[in-house]
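Look for chain A in each of the two complexes below; its partner is chain B in the first and chain C in the second.
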Partner chain A sequence: MTLLHKPATAAEAVRLLAADPDARPLAGGATLVAMMNADLARPSALVALRHVASLATISRAADGTSRIGAMRRHRETVHESDLRGAQRIVALAAARIANPTVRNMGTIGGSIAFADPAADYPAALVAADAVVEIVGPQGTRELTAEAFFVDWYATALRPGEIVAAVRLPPGPLGAVARYDKLVRVTGDFAIASVAVVAVVRDGAFAALRLAVGGCGPRPVRVAEAEALLVGARPGSPRIAEAAAALGAACDPVDDVRASAAYRRRVVPRMVAHALGTLLAPEARAA
Partner chain B sequence: MRIEDSFEVAAPIEHVWAAIVDPVVIGACLPGCRSIETLGPTSYRAVVGVELGPIKALFNLQVELREQRPPSFVATVTRGEEGTRASTLQAESTLRLEAIDGGTRVAYASDVALVGRLGKFGLGVMRKKAESLGRSFAETFRARITQAGAA
Partner chain C sequence: MTTQDVTLQINGRAHRLAVRLDTTLLTVLREGLALTGAKRGCNQGVCGACTVLLDGRPVRGCLTLAHDAEDRAITTIEGLGAEPNPVQAALAEAGAVQCGFCTPGMVMAATAFLRDHPAPSLEAVREGLSGNLCRCSGYRKVVEAVHRAGGGAP
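Up next is the complex of A and B:
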């Protein structure tokens, strides 16, 4: 029997989790319940977060920063009109998660705490330069998305800590977002994904953040490649150079979806395609 | 799945050999090892916990030394299961020590078969986990040997 707690506040949830190292927080249950059904996870107790009202809100600050509560469902994030410019990358990624049933269940906090590298949010949050707000027994702290994801299925969360919210800065003025995901069938986890936030001015990249998902323990970001791309125009050899750098930085595994060798070959093409499309005039008009 | 790697220790091969066949040293260096006991001159029993994301497994392992050629070669067969028998594990491993400039190189290779609930999990990620456990073992082992040598 697994005990089910239903705390009404984040503080109470954290207290319950800190008191029992084998207890697990239950967000939407899209992954954890499936893993329990498959006998992969056997928590001693579940601490349901759905009654914690403070985790379910979304807000937009005066400076344009959006704060998405950890318990916001993927479906809500897909349709969130407050996510603008660079922040759109998170809505685009949410729209590609699994299927409507999972998008109705799953939450942003639950998804990133599970930290499957082939999931859609990790690369998108790194591209968005997101900050993860964490609440735990020692109070609150925050980490950049890049620091939050540390390894395969491992985050910087310490025992008893949960994700409280994800904060998205407004990003540079005029930024556009693009999320490409290579899958075997619609709704599957990514063979590889590419999340880009870019400002295109006068036909060239003026600013850019890019992350690759599904191809290593964490989202792959190469700052040198981004620097190389500033000023790049359509057809510039720097696009291929940057794409190759992203491919080289990947550390993929062989799995049921694709071989590691295939991923290393396909990532540079996906990156080059995403960059080329962002620079194309019709993409700018859209 | 085959795991192969090597690491270097700044200690003479005899010291490294003595440590590598000492279950107390191995138990202390193996990440997640809860206990290790000697069953006979060539067999040991160990309890090892492994975590991967939300998955936690506790394995009861029996290790048989199949062949020993001091101070350079050991072959072992490991068999084990989770407490609930939800997964079973079998591994054939070899370990080679080689004297090099300034110390010893330890090369290991292991053929691991994992069947059961943990077998459902992606093998690719399991391999990464095994590799990281190997690196962590090497780090702890290296620190322990060089410390003992300095003392």
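Up next is the complex of A and C:
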């Protein structure tokens, strides 16, 4: 009886997972093994994805789209020079995950498949307008990050499916990224996080995507608020209006990190701060 | 649960053991091989007392399954050598050990950190060791000692 399978291809990994509903894919182990230690998960077998070469690569297409394989470690994503412009939001988020030791272990595919709403990638991927590539028994399919994250610790993955890669479009020309994370202590999960990708032209927002993490079952994005911000300059009342709209769209809970009421109060301030900083002249110079 | 044989390369030596699927590298080290330098603190990947090197990089021994470590080079604090390395010497010199439970994990994380970050700033040392908790809260001397071991001024 084989306990730990080591498939060399994604197709073989999917076949092994489909053949045994109690088998689980093993990525970096940072979450699954912790759950096994706590007796919260008792897989019958594990399918180690570490040996699937196609899951471990990052590539950049001619049009500037970057494709991050599911098994890329957080450490690698932090330092990835192929992530540029709007795509930097994912590297900035990766740099805030846990600590250097855990970043040596955890993977982008494992993290998003677990889908902790207080984790760093969900809001960043929504802000980056990312696409999640999925492989399963029925072949491959893809979903936007917004469609991928569906609820607390729940994704659109079906039984037997795994994340193959995350694809990041090049984003608008001249885009800059900012990731703010409010934590009790460095390396903790977020009380709240704000991921913004923006183009600032002549002192005003020309384009923008913004997502809030840690304040509800899935990343919070308000398209109306983004539309409102196009053309906004420093000090514009529309910044406070958009920030309030993001706060109102949050659906936080009380947990060990903060109360829901605190999160509702702090999110508009975090959003306004991130937007104000992006519009400041120093940010444009950088 | 049934066991399956696994060969682990630990401190340059191959060890063949029968191990369950859910057995972590930390458990094999401590209970199978009596290498008790790596400590079991939280067993959830939070405290860092179990830090060992996998192919030269620090990882959580408690979050690494023994079977998943099969083809990789594992280094524990016992494998650093009989003589104290610069990190160990600096920790001793600074009196940076209180109860000592976190120290082996700190040494492993700091040794890899200084290899990759020569002459780091104090702030970089703090970030480098941020995955290792000291419940005596004796961080200051640890950070200063690692900074000094890396060539920073005392």
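Here is the rule we use: the second predicted complex is superposed on the first by the 284 of 286 C-alpha atoms of A that agree within 3 Å, B and C clash if a C-alpha of one lies under 4 Å from a C-alpha of the other, contacts with A are read in each partner's own complex, and residues count from 1 in each chain.
Everything that follows uses one rule, which is that a residue touches a chain if its C-beta (ideal position, glycine included) is under 8 Å from a C-beta of that chain, and two chains touch if they have at least 3 such contacts.
Predicted model only: the values in this text are computed from it and were never measured.
Asks: For A:Ile58, select first, second, both or neither according to whether it touches chain B, chain C, the two together, or no partner.
Replies: So A:Ile58 meets neither chain B nor chain C here.
Asks: Name the contact category of A:Asp255: first (chain B only), second (chain C only), both, or neither.
Replies: First partner only, chain B.
Asks: By the touch definition at the top of the document, which applies to A:Thr2: first (chain B), second (chain C), both, or neither?
Replies: second
Asks: Could you look at A:Ala48 and tell me whether it touches chain B, chain C, both or neither (first, second, both, neither)?
Replies: Only chain C; A:Ala48 stays clear of chain B.
Asks: Per the contact definition in the header, classify A:Arg24: touching chain B only (first), chain C only (second), both, or neither.
Replies: Only chain B is touched by A:Arg24; chain C is not.
Asks: Who does A:Ala38 touch here: chain B (first), chain C (second), both, or neither?
Replies: both
Asks: Touching A:Trp152, do we find chain B (first), chain C (second), both, or neither?
Replies: First partner only.
Asks: Contact-wise, after the overlay, does A:Pro100 reach chain B, chain C, both or neither (first, second, both, neither)?
Replies: The answer is second: A:Pro100 touches chain C but not chain B.
Asks: From the superposed pair, tell me which chain A residues show up as contacts to chain B and also as contacts to chain C.
Replies: Shared contact residues on chain A (touching chain B in one complex, chain C in the other): 38, 42-43.
Asks: Hey, which residues of chain B end up touching chain A in the complex?
Replies: Touch list, chain B to chain A: 52-56, 86, 117-118, 120-125, 127-129, 132.
Asks: In the complex formed with chain B, which residues of chain A make contact?
Replies: It is residues 22, 24, 32, 35, 38-43, 114-116, 151-154, 217, 252-256, 260 of chain A that touch chain B.
Asks: For chain A, which residues count as touching chain C in their complex?
Replies: 1-4, 26, 29-30, 33-34, 36-38, 42-43, 45-46, 48, 50, 75, 98-102, 104-105, 186-187
Asks: Contact residues on chain C for chain A in the complex?
Replies: Spelled out, the residues of chain C in touch with chain A are 2, 4, 20-22, 24, 43-45, 48, 51, 54, 57-60, 62-65, 67-68, 109, 113, 127-128, 130-132.
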